[in-house]
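These are the structures, in structure tokens.
In the two complexes that follow, subunit A is the common piece, with subunit B as its partner first and subunit C second.
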Partner chain A sequence: MPYYSLGLEGSANKLGVGVIEHPLEKIAAHNHANVLSNVRDTYVTPPGEGFLPRDTARHHRNWVVRLIKQALQEANIRPDQLNCICFTQGPGMGAPLQSVVIAARTIAQMWDLPLVGVNHCIGHIEMGREITGATNPVVLYVSGGNTQVIAYSRQRYRIFGETLDIAVGNCLDRFARTLRIPNAPSPGYNIEQLAKKGRHLVELPYTVKGMDLSMSGILEYVDSLAHDLFQGKKNKQLIRADGSKVTVEDLCFSLQECIFAMLVEITERAMAHVGSREVLIVGGVGCNERLQEMMGMMAKDRNGSIYATDERFCIDNGIMIAHAGLLAFRTGTRTSLGQSVCTQRFRTDEVFVSWRDD
Partner chain B sequence: MTKDTNELLPTAEYSGPVSRTFEVDPSKPHSTSGRTNGPSDYVLAAGAVDRDAPTEAPDTRIGRLRAYVTTLQDEVNEFLTERMKIKGEEEGQDLVNPEEEEEEDQSGL
Partner chain C sequence: MSSAIVAQAQSYLSGIPLDVISQGAEAVVFLTTVHPYLSGSMHPSDIQNSSKYIIKYRPPKTYRHEVLDKQLTKSRTAAEARLLSKLYTLEIPAPKLIALDAPHGMIWMEYLGFELPNGQISSLKNWLWYLEKQQEGNTTASIALADSVKQVLILVGQAIAKLHLQDIVHGDLTSSNILLEQKKEGLQPTLIDFGLSSYSPLAEDKAVDLYVLERALTSTHPVYSKTYNKWLLQGYEETYSKKTNNKRKYTEVSKRLEDVRLRGRKRSMLG
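Now for the complex of A and B:
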């Protein structure tokens, strides 16, 4: 009989529940996992607003039972067929994490199943590897809460570079709030659509610091340009070469070009360091087609390949937690009730990757 | 709501400088729409439409338990908010944001 697990994700504004099936033998290129269900509901706020922990947690509490039922129904799996319940243990926002772990503990006790706590970042990496078939890539993990360049070495996913302040998705989301554009389906997606219409590149600060990068200053800078634009203030940077005015679309385009170029630079350096020709982009911002295109150009120059997934797996989801948790479960990992406390800070390299021995 | 012999009745206990036990009276009406479990005033003022309200509790043991817990939670939240006000006044400090206080309380469920 194959292995089955149910995964619960709720570290930010997405609540996801997924059921995965692993065949008995070791997961490999010829022995794939099967996604049986992957359902999600997003807490969406009005334009110009971010998501507060209290309201996000409330969303998760009030939807989690409905989503668990839906996931089991779509998967056509009974609770007694499951091997374990996997949940995001961190990193993330405290109150939403807390809501979801309570649900995980409850169903684990109701159905007499072991719990497996999963690092959110590891979930993204393992699901990305499983879906794309990338064997040992340099991973660019870009989302609303995280920005890291990661490579595997000796049973750890090691961080080669990361943001020193805000995450790339947070930078884009906050600029979307400044522009007061809708948060549905996601602020980053709406920025991307506006950026496609931008033609004029406004020079913004370029802040790569060694293998790390900083984006708070860039956000402050582009925010001030947007305010000047809205208030009709004179600013040389808001005039194009042909004398016409810079548009909101130009600002979105410029912001994306600047921060994506920074991400490409540190990813390329990590690839050179570890001698890898594969780059895997995971996390919500990984859906951005322009980022994929820019990374693809760099990878092509290095005779390499880029791997990315679509929004089902890029954006936070329950199936990645089910998958990473089941990998850990199969190598003996269990999380007792006493150990199931969530943590907002849980670094990728803290996890011992027991399921890989390469 | 009806009560049978195996009714699940939640309780809560606070111990500190003062002690208090919280209980629910099953003979009174209870629902999952509590006084303190709605969207925050901030997001409502920003124009949020609440599509995340809890489902109504069916008249089953587990359904009634959900409604009892909501009542209990309201009482605990209001008690703790009052305690924080008193503590703030005693220490001559401004009241800590009640929103944050509710977060703390819910995490202890």
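Now for the complex of A and C:
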């Protein structure tokens, strides 16, 4: 009989539940996992507003039972067929994490199943590797709360580069709030659509520090340009070369061009440093087509390859938690009730990767 | 590597032999036997290897916007050339600048380093990896943490301190960007790769410089990084402590380093 697990994710404003199937024997290119179901509901706030922990937690509590039922039904799996219940243990927002772990503990006790706590970032990495078939890539993990360049060595995912202040998704989301554009389906998606119509590049600070980067200064700068634009203030930066006025689309375009160039640069620096030719992009911002395109061009110049997934797996989801949790379960990991406390800060390199031995 | 990039470099340097030795994030580094302005049999005398030269070429990066690309390539090539000549006058070890071809984004410089027993370039990273590999399965001898390693890391710390005392921030300190040379006194580290360097009197910028290196060592050399970092900071402090009025500056940087580390640990993961 194959292995089955159910995964619960709710570290930010998405609640996701998924059921995965692992065939017997080691997971490999010819022996891959099967996604049986992967359902999600997103807590969306009005334009100009971010999501607050308490409201997000309430959203998750309201939806979690419905989503668990739906995931099992779509997978056509009964609770007694499951091997374990996997949940996101961190990093993320405290209150939403806690509302979901309560659901995980409850069903684990109801159905008498072991719990497996999963690091959210490891979930993204393992699902990305599984879906794309990338074996040992440098990973760019870009989401609302995280910006990291990661490579595997000696049974840990090591962080080679990261943001020194805010995450890239956070930077985009906050700019979307300044622009008061809708938060559905996601603020980053809407910035991407506006950026597609931008043509003129406004000069922004470019702040790469080796394999690390900083984005708070850029956000502050582009925010103030946007305010000047809305208030009709005179600003040389807001005049294009042909004398016409810079648009909101131009600002979105310039912000993306600047921070994505920085992301590609630090990823390439890490690839050169560790001697890798593969790059995998994971996390919500990884859906961005322009970022994927830029990364692809960089990889091509190195005779390398790029791997990326679509929104089903890029955006936070339950299936990645089910998958990474089941990998750990199969090598003996169990999280007792006493250990199942969630933690807002949980670094990627804290996890011992027992399921890899390369 | 993409052959188009090599072809492009070759088109600017027709007739000059080019051997690719590395492709970093910014530059392709070539080895050549031809000096840019001395004729065939003439070789400069004040250079380590007077028959081989490095050409560091920053090709256009197709992934980034043309305007941004031109501006970055221009400023980084200029920054690196300027820094190399400045370091020469300050007598801080660095490759000597031979020529700058700014429009093409090319810098000719002195070739440094030697080949490690495993055939690799003698960067600090390759050397430490080589020693760490030898250490595996050897419980009796201390290879990865030998005295020679301690000596080198202290010297690296001292070199960084010398930069910082001149208000120069390297901007990309990693174990790849430090080359080792074989000298009579033993292995001597030299800093390279100054494209991201800048001038700054701020303790914050110096602290970030150290933090970036500390993190790079932690991820690249996870087993021994604690000790490596300790030795490095020891060397750094030694150089600062030579003059009493620098001691205060050291305290400032080291306090800042604590802050930057703390910020790293406390950084919110929230959206």
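Following the convention adopted for this analysis, the second predicted complex is superposed on the first by the 358 of 358 C-alpha atoms of A that agree within 3 Å, B and C clash if a C-alpha of one lies under 4 Å from a C-alpha of the other, contacts with A are read in each partner's own complex, and residues count from 1 in each chain.
The rule is simple: a contact is a pair of C-beta atoms (placed from the backbone, for glycine too) under 8 Å apart; a residue touches a chain by one contact, two chains touch by 3 or more.
Quick caveat: nothing in here was measured; it's all calculated off a predicted structure.
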| item | value |
| --- | --- |
| First, second, both or neither for A:354, with subunit B first and subunit C second | neither |
| Which of subunit B and subunit C A:339 touches, first, second, both or neither | neither |
| Partner chain in contact with A:62 - subunit B first, subunit C second, else both or neither | first |
| Subunit B versus subunit C as contact partner of A:52, first or second or both or neither | first |
| First, second, both or neither for A:34, with subunit B first and subunit C second | neither |
| Contacts of A:272 with subunit B and subunit C, given as first, second, both or neither | second |
| Partner chain in contact with A:244 - subunit B first, subunit C second, else both or neither | neither |
| Greater subunit A contact set [subunit C / subunit B] | C |
| Set of subunit A residues, in rising order, touched by both subunit B and subunit C | 53 |
| Touch list for subunit C against partner subunit A, complex | 1-2, 5, 22-26, 59, 61-65, 67-68, 71-72, 125, 171-174, 176, 196, 208-209, 212-213, 215-216, 218-220, 222-223, 260, 263-271 |
| Touching residues on subunit A, where the partner in the complex is subunit C | 12-13, 50-51, 53, 90-93, 144-146, 151, 153-154, 156, 158-160, 162-165, 167, 169-170, 173, 201, 203, 206, 208-212, 257-258, 261, 264-266, 268-269, 271-274, 293-295, 297-298, 300-303, 344-345, 349 |
| Touching residues on subunit A, where the partner in the complex is subunit B | 43, 45-46, 48-49, 52-55, 57-59, 61-63, 66, 94-95, 98-99, 102 |
| Residue numbers on subunit B that touch subunit A, as the complex places them | 37, 39-40, 42-43, 46-48, 52-55, 99, 102-103, 106-107, 109 |
